[in-house]
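There's a structure below that I have some questions on.
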Amino acid sequence: MTLLSVEALSKEFGGVHAVEDLSFAIHPGTIHSIIGPNGAGKTTLFNLITGIYTPTSGRIRLDDKDIAGRRPCELAALGMSRTFQNLQVFFNMTAVENVMVGHHLHLDRGLLASLLRLPAMVKRDRACRAHAVELLEFVGLSRYVNADAASMPYGALKRLEIARALAAKPRLLLLDEPAAGLNATESREIDEVIKKVAASGVTVVLVEHDMKMVMGISDHILVLNYGRKLAEGTPAEVRANPEVVAAYLGGQG
Amino acid sequence: MWKSPRTGGLGLLAILLAAAPLTFPNAYFYDVGVNALFNAVLCVGLNLLIGYGGQISLGHAGFFALGAYGTAILTGRYALPPVAAMLVAAGGVGLLAFVVGRPILKLKGHYLAMATLGIGIIIHIVLKTESWLTGGPDGIGVDPFHLAGLAVAGDQAWYWLAAGLLLLAVWLSLNLVDSPVGRALRAVHGSEVGAEVVGVDTARSKVLVFVVSAVFASLVGSLFAHKNAFITPDIGSFFRSIELVTMVVLGGMASTFGAVIGAVILTLLPQFLAAFEDYEAMVLGAIMMGTMIFMPKGLLPSLRLLLSKRRAA
Amino acid sequence: MFAEFLQYLFSGLTSGAIYALAGLGFAIIYNSSHVINFAQGEFIMIGGMATATMVAAGVPLPLAAALAVVATMAVGVALEKFAVEPARNADVTAIIIITIGASIFLRGAAQLLWNKEFHALAAFSGDTPLRVGGATLMPQSLWVMGVSVALIAMLWWFFNRTLFGKAMLATSYNRLAARLMGIPVKTVLMVAFALSALLGAVGGIVMTPITFTNYEAGIMLGLKGFSAAVLGGLGSGGGAIVGGLLVGVAEALASGYLSSAYKDAIAFVIILFVLFFMPSGLFGMKGTDRV
């Protein structure tokens, strides 16, 4: 039983084949990593899966439902959530407000209720806020609850995006380079968070360059090169694959 | 510190509105006051679009003018009661904003600005040209306003009506900002793609706030028409649209009370510059440039920042 | 029938040439700074008004024109130095308001310095109309088109044959890379504004004998010039020229055959049409955002 499957997926930009004839499957409850040199098409793949790009050809299926080309907000309703390589934090809001927006689909979105501040809406909003504070604790950001996102350090912002993505109660969470730009301690903290998320039942797919993290937490690894699948398998299998070593790992794994 | 901006700020506003007439040396000030309050309501609506939503509209005076003319024509030619006319006009403007908003709000930055500019100017030109309906550049008279048989006439009555309207508008705006819909809107401003991936329908969000702010403008336009008893197409000119944007930006974007302050300042300013009437344009232009260069966040947020720095020091 | 069409065509090409110059000015500034200069129309107005008042005071036309152009270029540079430069990191809304504020400021200053009256200039080579194909062509129209062509040729030579011109083009493609190559970006910006002012002023001067000028003349001209730039594709100089001519001719034809009352609306309908259906214009480049 697969959660997400990708078949013969291709994406072209002008003459550049960012992703070419890619096929793979992701099973629920696993931590799945996608690695490859820069320019291998990892972020493009993420953008295709999460509806930001439309494929040139090929299929993407979530629970056997065709989702290629659907808008990101629709995919969120189907249980998909993600973080970004280039932070897309709402810098004009506080940390807790950022996370509360993540909960958007589960809230009362009626205009009238909002304008008139109906008691039912207020009650749900308070619950939402409490839940957001919990999530901030979960990712280790309790001290930043009411801080302006614009004043938070980079490492904290990366965790904030994860908290926001979790607020959407996803079944499938895609993390685009969650450890990018972090030092060793911060990377370990993110590592812990990802493990906690996976333990809570969410399927995690991550793009990463930090090999230690990838080898340490992944159940399954997909290796891309020039937009094509180079190899896939367990960490041990991938580490041992000579093509992967040649193209990417180049020595110690 | 106020327990919440909602009750504290609203309370303060109510007190100021009630007390202001005590400072009026003569009845003329009621007229100026009403204009300032009308502009304030307009700007609270516009601020939702520009300040919180992060969009821009250089043609909003067009919606104001359509509300005014809609009311004038429906009550004059078709003898509709004023409240009905006002609502019909607002409905029409809302529909126009919806139809026009869907394609326009896909644009960003300069392109969005120019599209809204185009809409505003086209509305202005139509109002000037279709004189069989609108009276053309010479304008059109407007019947007085009455609410369920009770006539509203005289600047004093209008002042209290406008004050009540402003309190209502501020209350609605404050509610909206601190609600799921409001947060979603602010998120769209913060990062459209970030908002999309958590399920916010950004296109719908933008159109919604565009329509709401257009309806605000239309309602104010209708009331203005009745109060003034006479309107000309220039109430919908490009210059008027720019004035409104400047008011929002001057007072502070993403700040409901900032929008009110900006509107009041820029409406009162020409009164104080009456002696320098010739310099009015230069002063307005200088204010626009100066604010954006030195206080790009606007008056209220900049003051707040200054105060919090002092407190921290 | 054909004579009528030709008449509209001449009229359209004449105003189109002015829009082209204004649009080109927009393009030059936009390319080097990503600023839409709402005060572009004011450059046109200042050029025409300054020349007209000086000539009325007895200054010979060539000298008046030269002084007016220099004065306008000074205004352009001042605008860049005091209004645009300090706000270079501001967001789009702020910059738009700054240049709109500048245009209001300049208009107010013009009203004070001169007055609210319309000013005229004598046609450069007389009023005798020429007959072409049954239509009349004013000699001044030939001046407008001829001067425009000459200016555009000079600009082409500047951007493609001189080192500084090429440096300016480089800055428009990638500012950081240009700076790293040692190109003085600040100077490029000043020159961009000066050139735009030059284009506007000259356009204003050759146009004044036909349409007269007053302190408010800049508003519509600037906006129509913007329409030209958007139609051609923001950032494409050649596009702005084509766009200007198209806007001018479209205006004239619509005004002649449909309704003259809506003449001014044509340019804005064009803006909306372009923005809805082909936002990158005729010759602009399409971009994708990286996420």
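Think of it as A, B and C in the order they're written, each chain with its own count starting at 1.
Heads up, the rule we're going with is that a residue touches a chain if its C-beta (ideal position, glycine included) is under 8 Å from a C-beta of that chain, and two chains touch if they have at least 3 such contacts.
Since the model is a prediction, treat every value here as computed from it, not as a measurement.
**Student:** Please name the chain that ends up farthest from chain A once chain centres are defined by their CA atoms averaged.
**Tutor:** So the farthest one, by centre of C-alpha atoms, is C.
**Student:** So which chain ends up closest to the centre of the protein, judged by Cα positions averaged per chain?
**Tutor:** Given all protein C-alpha atoms shown, the central chain works out to be B.
**Student:** With chain centres taken as the means of their Cα atoms, state the distance from chain B to chain C in Å.
**Tutor:** Roughly 32 Å separates the two chain centres.
**Student:** Suppose each chain is reduced to the average of its Cα coordinates; what separation in Å results between chain A and chain B?
**Tutor:** Between these chains, centre-to-centre, one finds 40 Å.
**Student:** Distance from the CA centroid of chain A to that of chain C, rounded to the nearest Å?
**Tutor:** 48
**Student:** Which residues does chain C have that touch at least 2 chains other than itself?
**Tutor:** Residues 291 of chain C each touch two or more of the other chains.
**Student:** Multi-chain contacts in chain A: which residues touch at least two other chains?
**Tutor:** Chain A, residues with two or more chain partners: 52, 84, 88.
**Student:** What are the residues of chain B that contact at least two other chains?
**Tutor:** 193 - these are the residues of chain B that touch more than one other chain.
**Student:** Taking the touch rule as given, give the residues of chain B at its contact with chain C in the complex, in rising order.
**Tutor:** Against chain C, chain B makes touches at 50, 56, 58, 103-104, 107, 109-111, 113-115, 117-119, 121-122, 125-126, 129, 193, 238-239, 242, 245-246, 249, 253, 278-289, 291-293, 296.
**Student:** Note which residues of chain B are touching chain A in the complex, please.
**Tutor:** For this pair, the touching residues of chain B are 54, 172, 175-176, 179-184, 186-187, 189-191, 193-202, 208, 212, 254.
**Student:** Touching residues of chain A toward chain B in the complex: what are they?
**Tutor:** Within the complex, chain A touches chain B at residues 50-52, 71-73, 75-77, 81-82, 84, 88-93, 97-98, 100-105, 107-111, 113-117, 121, 125, 128, 164-165, 167-168.
**Student:** Under the stated contact criterion, what part of chain C meets chain B in this complex?
**Tutor:** Where chain C meets chain B, its residues are 36, 83, 86-87, 90-98, 100-109, 111-112, 219, 223, 226, 230, 234, 261-262, 264-265, 268-269, 271-272, 275-276, 279, 291.
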